[in-house]
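Each of the next two complexes has subunit A plus one other chain: subunit B in the first, subunit C in the second.
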Partner chain A sequence: MSERKAGTISVELSIPVQADLVVLARLAAATLAGRAGFGIEDIEDLRLAVEELCLSLVTGREDGRLHLSYECEGDAIEVACWYEDDHMAASARRAAADDLSLKILDALVDEHGRRLRDGRAGAWLRKRRSDRAV
Partner chain B sequence: MLTDEAPRQGGDTKALFFELAAGRDPAVRERLVTAHLGLAHQLARRYVNRGEPYEDLVQVASLAIVKSVDRFDPDRGIEFTTFATRTVIGELKRHFRDKGWAVRAPRRVQELYLELGKATETLSQQLGRSPTVRELATATGATEEAVLEALEAGQGYRTASIDATGRNEETLASHLGGEDASLGAIEDRVLLAPALAALGPREQQILQLRFAYGLTQSEIAARVGISQMHVSRLLAASLKRLRSSVTEAEAGLTDRDGQAEPEAQSSSAPAHERRAAS
Partner chain C sequence: MDQTFEIGDEEVDGIPVVSPAGEIDVATAPPLRDRLAALGASGKPSVVVNLLGVTFLDSTALGVLVGALKRCREAGGDLPLVIDEPRILRVFEITGLTGVFSIFGSVGAALESVRHP
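Up next, the complex of A and B:
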């Protein structure tokens, strides 16, 4: 599902916690970043970061769904990810990420954070187009 | 087992970096490299499930740690581990770009990826920056979608193609070869050792294969001779037992800051929430 409002592109995605479907989460991010003119280095970082974001929420889980929302505005893309299952209380306790995840996200994106929403564990990241020299 | 914790940026590390900057003493350099090799192992494990041998990834990551130690400027005000993580990930990305062809990508995707490699090199030199997807599509005559797909495959992701055949019901976490987040909460090995000893031999073996050797659940299943789902259940049960043992042990100790209260890592709320609130 996607919508466009005044310069912002919003896309929402909901996927089961299943290994072969995380490609959708990465590709959605890469596609939006590609449309926004991100260089491929930035896009590679974004793919890794989205994967890390998903992983940090679902480790040790075998069911449930990941809800992802993407917002692309100007030279920045923001991805938010929420985990949902039938055990909200357990989900809420999992909102904290391990140190390595935080280090990896620090290395790959401009900003990131953890959030709880309606008892669901969530995380978000924001990456700006860098136009960095190679 | 369970020994490769990322070193904390303590005063000692900082002092050593200042010492290194002042004298370029090889012994100091070696101490710093050795102290941070655990980070190389952790990061290598994170990306182990992409067709490249773990040992190769550790080697790439370890060399990146050496490079990081040589390049780190303690005056810049960032933690060494942050700087090193960035360097290690960059080197691992490059490694996958060059070697990531254990992935079962369709031939057309592989061919396009090779073409993209050449185009990227040429365009990067011409433009002085990383080319965009559109620029690469124009240069190779491919669609932007095909470029994105090939780039996905080129990073060694096992699920290389969105239209890959076959249904894989492995869980995401088991597939990515990542480290259980819960491990961070049970990293105190003093507390962990007795709890580990209380587990059965098979549970201990599975934990060791998972966390010390970085095998995926599927790889463990093949080695131990049980299903991946069974491995997953055993891991979950073992971690649950470890967690409760550690929690009980911790309760007997003095106050420690826990991670039960999740907090944002950044003070600013994400745009998603700012919009929802307005």
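Up next, the complex of A and C:
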């Protein structure tokens, strides 16, 4: 589902937690970044960053759903994701990303972090379009 | 979801060369892990991993390669990587793994490093 208002594009995605479907999360990010005028290098950075964002929440899980929201406004894209889980403590524990994921996120996006929404573990990132060659 | 991913296999002078091609992510890393583990179990101390055909690689893939490297080094061997794509090399750089793996620009150079460590 997506909506467009005053230069903003919002997209929401809900996918079952299956290894072969995480590709959909990065595909959506790449598509939106392309529409927003991001260059190829930025798009590739965003694809990997979104992958790591998802993995930080669902690694080791094979059930439930992952919810993502993409907000594209001006020269930036913000991606947030939440794992559907009734048990806040368990989700928060799983939200501890591993060292490699954190290093990748630190290097590829402008900001990223963790948040809880309605008792569900969540993570978000924000990336601005750079001046690198398209 | 159909993702194009395959693992090429060959042996050069008794040294296994594993060549994954496509995107290595949480869905496709397990067969690579299994292939590398099988080579370790068959008594091959060193394996060349040719990443020239890889277009995407995430932390799951890095974890698989680090695990295989550890097994190889424990067996007295190595796991040299072949990378020529800057985007792939960058993932190793930002995670600090360029200082952990031996990385070469060609399969020939990687094989040579195994023959003459």
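Everything below uses one rule, namely that the second predicted complex is superposed on the first by the 128 of 134 C-alpha atoms of A that agree within 3 Å, B and C clash if a C-alpha of one lies under 4 Å from a C-alpha of the other, contacts with A are read in each partner's own complex, and residues count from 1 in each chain.
One rule holds for everything that comes next: a residue touches a chain if its C-beta (ideal position, glycine included) is under 8 Å from a C-beta of that chain, and two chains touch if they have at least 3 such contacts.
These numbers were taken from a predicted model, which means no experiment stands behind them.
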{"item": "Side-by-side fit of subunit B and subunit C on subunit A, or clash", "value": "clash"}
{"item": "Which superposed partner A:47 touches (first subunit B, second subunit C, both, neither)", "value": "both"}
{"item": "Subunit B versus subunit C as contact partner of A:61, first or second or both or neither", "value": "first"}
{"item": "Subunit B versus subunit C as contact partner of A:121, first or second or both or neither", "value": "first"}
{"item": "First, second, both or neither for A:80, with subunit B first and subunit C second", "value": "first"}
{"item": "Touched subunit A residues, subunit B compared with subunit C", "value": "B"}
{"item": "First, second, both or neither for A:71, with subunit B first and subunit C second", "value": "first"}
{"item": "Segment of subunit B that clashes with subunit C, given the candidates 95-103, 131-139 or 257-265", "value": "95-103"}
{"item": "Footprint overlap on subunit A, comparing subunit B with subunit C", "value": "19-24, 41, 44, 47-48, 51, 55, 59, 98, 100-101, 103-104, 106-108"}
{"item": "In the complex with subunit C, residue positions of subunit A that touch it", "value": "19-24, 41, 44, 47-48, 51-52, 55, 59, 98, 100-101, 103-104, 106-108"}
{"item": "Residues on subunit A engaged by subunit B in the complex (per definition of touch)", "value": "17-24, 26-27, 30-31, 34, 37-44, 47-48, 51, 54-56, 58-62, 66, 69, 71, 73, 78, 80, 92-108, 111-117, 121, 124, 126, 131-134"}
{"item": "Residue numbers on subunit B that touch subunit A, as the complex places them", "value": "6, 42-43, 46, 81-82, 85-86, 89, 93, 120, 124, 128-134, 136, 144-145, 147-149, 151-152, 155, 157-159, 161-162, 164, 167-176, 178-185, 229, 232, 235-236, 239, 259-266, 268-273"}
{"item": "Sites on subunit C touched by subunit A in the complex", "value": "1, 3, 23, 25-27, 30, 56, 58-60, 62-63, 87, 91, 94-96"}
